[in-house]
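Chain lettering (A, B, C and D) follows the sequence in which the chains are written, and residue indices restart at 1 in each chain.
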Amino acid sequence: MSFIKRKHQKDDDLGFGSTPIIKNQRMLNSDGTANIERTGLPWFKFDDTYTRLVTMSWSRFFVVILITYLIVNTIFALAYNLIGIENLNGAKGLTPRDQFFDAFFFSAQTISTVGYGHISPQGFITSCLAAFESMLGLLAFALATGLLYGRFSRPTSKIKFSKKMVIAPYKDGKGLMCRLVNLRRNQLIDLEAQMYLTFNETIEGKETRSFYPLELERDKISILSLNWTLVHPITENSPLFEKEIADLIVAETEIFVIMKSFDDTFSQTIHTRISYQDEEIEMNAKFQKMFFHNDEGRMVLDYDKLSAIEILE
Amino acid sequence: MSFIKRKHQKDDDLGFGSTPIIKNQRMLNSDGTANIERTGLPWFKFDDTYTRLVTMSWSRFFVVILITYLIVNTIFALAYNLIGIENLNGAKGLTPRDQFFDAFFFSAQTISTVGYGHISPQGFITSCLAAFESMLGLLAFALATGLLYGRFSRPTSKIKFSKKMVIAPYKDGKGLMCRLVNLRRNQLIDLEAQMYLTFNETIEGKETRSFYPLELERDKISILSLNWTLVHPITENSPLFEKEIADLIVAETEIFVIMKSFDDTFSQTIHTRISYQDEEIEMNAKFQKMFFHNDEGRMVLDYDKLSAIEILE
Amino acid sequence: MSFIKRKHQKDDDLGFGSTPIIKNQRMLNSDGTANIERTGLPWFKFDDTYTRLVTMSWSRFFVVILITYLIVNTIFALAYNLIGIENLNGAKGLTPRDQFFDAFFFSAQTISTVGYGHISPQGFITSCLAAFESMLGLLAFALATGLLYGRFSRPTSKIKFSKKMVIAPYKDGKGLMCRLVNLRRNQLIDLEAQMYLTFNETIEGKETRSFYPLELERDKISILSLNWTLVHPITENSPLFEKEIADLIVAETEIFVIMKSFDDTFSQTIHTRISYQDEEIEMNAKFQKMFFHNDEGRMVLDYDKLSAIEILE
Amino acid sequence: MSFIKRKHQKDDDLGFGSTPIIKNQRMLNSDGTANIERTGLPWFKFDDTYTRLVTMSWSRFFVVILITYLIVNTIFALAYNLIGIENLNGAKGLTPRDQFFDAFFFSAQTISTVGYGHISPQGFITSCLAAFESMLGLLAFALATGLLYGRFSRPTSKIKFSKKMVIAPYKDGKGLMCRLVNLRRNQLIDLEAQMYLTFNETIEGKETRSFYPLELERDKISILSLNWTLVHPITENSPLFEKEIADLIVAETEIFVIMKSFDDTFSQTIHTRISYQDEEIEMNAKFQKMFFHNDEGRMVLDYDKLSAIEILE
């Protein structure tokens, strides 16, 4: 495949450089992050912990919280036993195992600031440790609050794209199309989209990864009320003009869609990225209609139809 | 009604597409959201919960909190009874009903981390459950904090528009006007407004929903100190030129006002949308003056006058 | 005073309209808010409470918190007494006064979730009320957290302007100048400033409040490291050209400075407004130098000199 | 050194003014703040406390928290002793020292709202103080929550620059280069960079600090996936054209890099600044390649190579 319309090439390679893809490797992962491995990076225990805790899945998050709670209480339980279980007034355990659990539950009651008081500290060192643990409890609590709020207030849009792109009839010619909806109740406004084509080509005898912008018929809308179909008209000026799917596969083609929107509900700018590889492009198909009027004359948007495609003859 | 000045049409259909309105249906609800039904969407229990809890009314929010508190305590009370009420030291209830309430109040004291201690857990399983419940209490607390902060810090402007638009004398001709004030103490700056006209019309034999921008005499102001009257001068270039109210009704006309402002008090960008339908436009009227100088020479803004209209002969 | 250079007038009247000032009244208060009274506004108890609690002074904020705490505990104390003080196990008060205080302190221990337990609830209704109060305590706590964070994270810049403006020699002519510094440790970047002149004048026989932009010699800087002196060169094109202080007084002149900056420490856009009235303009003076090199060659900025002026002959 | 190409000078001196550097003093510290001392500033105890607590290091932050906790409890312990230790029911200390610690631990249990209850307040004044302390505990807790969240949610990018700049072969000539990576997992997008040259020169007989922008071959990228090498081509138009390192040293040269990026993970704009002094510029060297393809064809970025330089003959 040779793309001769070099005038289309912008200098923006999206930060990927011009090293060609050598095996069938996505440049963008499905979550919009770059498909790149990192080495030589120190294990940033503290710096990235917050980011990790905020971006991990909810189930994993709760497991981390629970395990941390168990570990911290175990450490304090061992410490209380080390100092002497007799300093825990009301602890009735006689075997080491029972004494450990007495101390463990006392620790849990202290760090959560419940403090029933049927077990209570006495003696200087135990009292000190309990006072320290309750302070730690406050801080841990504060941290959990920040984490939960951080998780909820993150600008995570649930913009969902159709699984495939189609090359469908458009005006007098054809157009490359994908479409998207907003899965969340958040109101999205001021949407902007850009489409890029990237593939390997030989320029001046050197294998290079090229990036071409694909002009959109409409690249912004004010409110995302229904679905939005992004259309790149395949005119003479398009780098996709008269290309076949075989051309795209040979050149390790990938199409990027970069979107910017504003979440009106939480006043946040949201960036979304997705990429389609050659096998995710349907050469002769069109999207089925996604909305209709119901009996009251109200428009209805059917999310099940997002990726519904009709193959054309 | 035929609007021939097609040069005014922008490509921005505000994301509503060009499907005509078939019955008298608003496109924008009174809260600025699109009047659209959604189907085929899975019941996003977890994803949208935060958004729902943050956007619902205060009274409903507190009811949800209270009911959740009752349900969670009931579940734990049942669990404590199942394990054996004899493991709750200090619980004096003799009948199952009293034992349930002993466990219920113990649960409430644990989850809220009050922990008076006149009832206290003993035995391994009950102690474990109480330790778990107090941890849960911390997290619930953290969640409530985030929710309350999220509710308060949301960019909800209280920009209030006049109930009706008027077509009033303006310069040598007429102008379509609405006006607005800021009901909150927050300082609003850098305000921008856009006005759009939308109606059904027949283009090339096809019933279509058209969108025309209505040019404003002034579309931005620096500070919203007083009221702001938006004026679209109905000149020859206006799609409303020489139109009558009957024309507007036939075409299912709706006028959108889209505003952007910056809340200086909380450093947030705020978007506001409102729409007026044909019956909300007064053809020959003008707004009454909303502010005056008091005896000390200070300007006074009278909010009661916001929608006050004077019918003209 | 007649300003004939009408070409300078922009359509931006900063949202104040064109009603002339009739007595010596500032348009902008010293805190940058508009000097306008509001009537006809319902007493927005709930809507504005958060804004008020976040924007009031710290001392007032703590007084409000303390008084609320006292009132809430008093109400609950009365309720516990009404239900029957005998349901508070451990309350030893014999006189009504002592019984009230027993209930009051029990309430305080419940709402703060301390729960010592030397007083504990018994009986269904009292236990219910205590469970409800502890839930309320959690929510109140959550609210306080949000309020404190809201107060601290508000974009309050401490940009301080010189008390007076001066008309000082500038290049071959004169310039209207004021200067400013950043009082806080927050790093301010990307600063932009605009200056406006407003005064009463008679246009087509009608007394009008006019607004003229005053061009600045430099209207943006990248980092506010030292002080920043805003200079409007009084050239032939300036509406201030060959005006005397007497002219300014007659016309109720006010000069607005509107600034936008970005707080790099907290990632927030900050808007600052200030106005100078005629008596705050020194006709023939210049600012003293505000910074010098110390012995190590390091630049030193002396904040005491911010408003230091030298009167010229 | 004389830079004659004055057409390159912009009016932006980055807010540093034009006072020349007299000794070898950086203008920008390594953390991107301006190297300037401030005097005449009142000791802003309250205003800057939040900023200080949010920007200080984690270790220092925890020490401050711990010390505050100790001091507050000591003060309350003294107060309880002053009122009379006999009002603390359950305090068994006989010596003044033991009585102080009883009161100290009671205070800790109250302010952290643990409230075991083995020590409990009695008498009006002690109960009042305990009620007040528990309210204070809630507020302190709320404050800690806000501080921790404020610390974590601060827009602190970990953009790391190469230790040195190099002047390497670029196209047909040479280019001044530095490079950078993102050390954190946060996704950085929409990056923009500017480069400035500043040095002392004599203009019209006056020693002046001049600022010249250095044009970049590419000044924005969409996503920071790999490393980014900033290149200023040293063409005829560059103020660095045919300059030697000796020239740079004499003129107290410093090169500023100012970057703006958007943290997609937390929806925040991030500004980064760095400066290189003359001795941090390598005249004839180039950067080693930082990424390679691993066996699966995936790109690998090696952070250890960030500052790796190859000296050229």
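In this section, a contact is a pair of C-beta atoms (placed from the backbone, for glycine too) under 8 Å apart; a residue touches a chain by one contact, two chains touch by 3 or more.
To keep track of the chains, here are their UniProt names: A, B, C, D = Ion transporter.
None of the values given here were measured: they were computed from a predicted structure.
Put simply, the chain farthest from chain B by mean CA position is D. Where chain A touches chain B, under half of the residue numbers in use are shared by the two copies, so each contributes mostly different positions.
Put simply, the C-alpha centre of chain A and that of chain C have 38 angstrom between them. Per-chain Cα centroids separate chain A from chain D by 27 Å. Each of residues 109, 113-117, 141, 145, 149 in chain B touches at least two other chains.
Of all residues in chain C, only 58, 65-66, 69, 73, 101, 104-105, 108-109, 112-118, 140-141, 144-145, 147-149, 152-153, 158, 183-187, 189-191, 218, 220-226, 228, 262, 264-267, 291, 293-294, 296-305 touch chain D in the complex they form.
The part of chain C that touches chain B in the complex is made up of residues 11-17, 19, 21-25, 32-41, 44, 46-48, 50-52, 54-55, 89, 109-110, 113-117, 119-122, 124, 127-128, 130-131, 134-135, 137-139, 141-143, 145-146, 149-150, 154-155, 258, 268-271, 273.
Here chain A touches chain C in the complex through residues 113, 115-117, 145, going by the rule given at the top.
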